[in-house]
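Each in structure tokens, the structures are laid out below.
Next come two complexes, and both contain subunit A; in the first it sits with subunit B, in the second with subunit C.
Up next, the complex of A and B:
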């Protein structure tokens, strides 16, 4: 295998960046659509169906046929997908309003900050260990070179993820301040307090995988968590997963903890004064953050690119018959499926659990989650000490 | 192209350093406290870049996590609550040039005193970097984190613990100062 020169490796990294961004921008709109639909079905309605391919498209034609037969058409699950294009067009074309008393520079930079912080986290996420695919030899300039499964295989990947994700707080806080209006300011303050508080149990719950795997590298951690642990490690993994997911919901300001927005208390929270594509950036950043949390949860707890969650793969693999060996190997598709499952869980929880009161949010973080994460860390340390 | 990229790669430390200095200067120069905090954030990120250019990944990431992610957010939290239009707060935040000049002079004196030997003294017999056999291959950063933890928890354990006690004292002191008597 030829060693790439510096320029070639930079080109390969750019290709990886394009791939990851493409992945993100495919998953995010589909999540938005799924949120409308799944939430609709959870509340016993059809979700968005209006912007459909109508009378000329094939789904519209088949749907009309089924309605005429007096049945709810199966394809209405997919009706409304063209609405995604309409949504994006609306965001781009809408007038961009700048409040008269707003701080222009900060108002401008806040959505960019939260968007950039959300996307850049993916630099350290490794989708599959080792080589993802080898570029074909006809490819100009970088033909025949391997493309690895993550952009940057840094050995402090977890710290990078936590650090950059914590920079994302600025977007929300600055947006709240720069709007120079009381509801956004309240939303911004709430979110600063909430996100700074929930970062503590979030980081602590991720310390248990660090202790168990003895590494800070994303790929190494996920492979050791998936296939390198004894059965004893199940307990800290499952508990840690539940805690991490709870904190992840709070970090991304999703529904049981959506204090920064809380539409029936604060209009729309920190982005009340935003419109057009600046609002679109916040919207995107929220969904990208959800994807990030989903990627971390599936990478560290659900086995990452391996099939079975919670380290069960390592226990099952020795007994796997030869014809099933494909399921014993890491594949990027497993990782993506897990991400999608957790994104579904987000919507599921949103449709199920009502919002906490603000003081309850804080007491959940400081009085329950932090002691639980400390206990979990202790459990992980015991397992590490005696069983690994 | 190759040559240009290599030159840039070699001079990353200088690039990030100049950017950090520029951001720090902007932080002093800005009139609005929130803008100052933003410039401070940028300076902190650039210093993390400096650490990365020195192959101290762990320190760089800790810099982002602790300063950019934690401390500066709390600065921002405080600054946001202060309305800068009032005269009293303006005095507190913006019109302290006499004290500022004195502080800068004292700081410069301390800096010169401490770093005189570093700048003008003879070079140490060993270069102050990780050993090259530790920095080989992909194991750089793991060795990096291990090197940091070894020096913290083995070589310099006592100073480290004393520092943490000092931090604790500061924390408790802040709570005592900030707590008002409840009636």
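Up next, the complex of A and C:
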């Protein structure tokens, strides 16, 4: 295999960037759509069905036929999808209102900060270990070169992820402050306290995989967690996963921890004064953050690109018959499926449980989650000491 | 170096959880409420004055538009107040039908309460589940009087029409499925840890305070006072019905939730009894073409879903309009307990308090 020159590797990295950003911007709208639909079905309604190509053409004809038969047409289930385009168009075309007394520069920079912090995390996420695919030889300039499964699978990947993700909180705090309005201020204050509190158990819960795998590199961690651990390691992983997921819900401001934007208390929280694409950036950042949390959870706890979660793959692999060996290998599709499953869990939880009160959210973090993570860390250390 | 300042903030009049156009002036110390004053009047239409310029028959239309979530209960109070004023006896079948529709209305109103209260606290799914059952009740309203929300269901002296054909079947179908629906809501809420954390001990209003402020309805009963006008001063056909008054002693938001859930069960029981014991006969008393009272005044109170709704009517000799009309609106009286409930709590608690009071601004501002 040829070694790429410096410029060639830069081009390959750019290709990877385009692929990852494309992945993010495909997953996010689909999550929004899934949220409408899944929430709809949880609540015994259809979700969005309106903006539709379903009125015209062959699908429209079939839909009308089914309505006439008194059935809800199957095709109408997909009819909300054009609505996503309409949503984005609306956000772009809408008037961008700047409150008269807002701090103009900070007001402008806050959504960008949220958005950038959310996207940049993906740089360190490795979708599949080693080579993802090899570029075809007819490809200009970089033909025949391998493309690895992550943009920058560096050996401080986890540090990068945690560091950049915590920059995102500035976006929210600054947005709340810069709006110079009372409800956003309250939202900003809440999010400052909440996100700083939940950073602690979040980081601590991710320390357990670090201890178990002995690495900070995303790809290495996920492969060791998936296939390199004994059966012992199951307990700290499952506990850690649950804690991590809870903290992840809080970090992304989703129900039951959506304090900064609790719509029934603070109208819209920190983004009350935002409109147009600036609001769109916050909206996107929230969903990208969800995807990030899902990616991390599946990478560290659910076995990443391997099929089975919690390191079970490593236990099963020796006994796997030859004709099933495809399932014993890492594939990006498994990773994506796990991300989708956790995104579904987000929506599922939102449809099921109420919202905590602000002080209760804090007590959950400090009184329960942090002691639990410390215990989990201890457990992981014991496993590491005796079993690995 | 550090200044400790309180922030004044307006909750409403446009706010997702003030159930209309209520405005609450809050003074906050951090997230804690130190001072809370509800400001009302944004939906004032002068219903009482309008009714004084209209005949007794026309007034009922306006009672629909006071508490639009429990229009039938308002209609019942209006019709009975007038019947008291003119000394009309309503046929027994009409009494039964009125009782039944009133209880259906109680269910509808409580379902709206459950839906919005749960939504305020963040449980979104209950909202749509409750609206699903309310839809059936509105369908029954529609079958009975052609209108779903603003029903104008009754006439002074009885009913305009008997029950439509097929109504009994609708009722039985509803009663058959309703208990399982209630269970569904309770599965989502009753033992939910977050729901309990948000409601237990929140927005307390003890029996003494409640009585001192004239609070009625489920809020009073959740404080342990078994006062229900259906039992205390029976009207319509309630004297012949067998039902219990659910009470709790905790006097908090969770107790009010339990009381209202139990009330829904009792309402279903009353509806069943009305269907079983439905007498035959006419549904309208003989009335003169124009009602003209002697000089006379009457106060008639009924148990609306939200509490005691009282109609005070003064008749004038030779006039077909009421001389004076006043409504004792339960939401209006109950709302004055909001500062007592909310002060000292957090912002999130005032949302729960407004929800648990079950206010409708159409009725408060009239």
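Following the convention adopted for this analysis, the second predicted complex is superposed on the first by the 384 of 388 C-alpha atoms of A that agree within 3 Å, B and C clash if a C-alpha of one lies under 4 Å from a C-alpha of the other, contacts with A are read in each partner's own complex, and residues count from 1 in each chain.
What we mean here is this: contacts are C-beta pairs under 8 Å (C-beta built on N, C-alpha and C of every residue); 3 or more make two chains touch, one makes a residue touch a chain.
From a predicted model like this one, the values you see are computed outputs, not experimental measurements.
When both complexes are overlaid on chain A, the residue A:334 reaches neither subunit B nor subunit C. By the touch criterion defined above, A:217 reaches subunit B but does not reach subunit C. Applying the stated contact rule after C-alpha superposition, one finds that A:127 touches neither subunit B nor subunit C. In the superposed pair of complexes, A:279 makes contact with neither subunit B nor subunit C. Taking subunit A as the reference chain, the count of touched residues is higher for B when subunit B and subunit C are set side by side.
With both structures placed on the common chain, the touch criterion links A:346 to neither subunit B nor subunit C. In the superposed model, A:301 lies in contact with neither subunit B nor subunit C. Across the interface of their complex, subunit A is touched by residues 7, 9, 15-17, 31, 118-125, 127-129, 132, 188-189, 192, 194-195, 197-198, 346-349, 351 of subunit C.
Those residues of subunit A that touch subunit C in the complex are listed here as 39, 42-45, 182-183, 186, 190, 255-256, 258, 262-267, 350-360. On the side of subunit B, the complex with subunit A involves touching residues 1-2, 5-6, 9, 32, 34-35, 38, 41, 45, 57-58, 60-62, 64-65, 68-70, 73-74, 76-77, 80-81, 138-142, 144-145.
By the touch criterion given at the top, residues 5-7, 10, 103, 105-106, 109, 153-156, 159-160, 162-167, 169-170, 173-174, 176-178, 185, 188-189, 192-193, 196, 199, 215-217 of subunit A touch subunit B in their complex.
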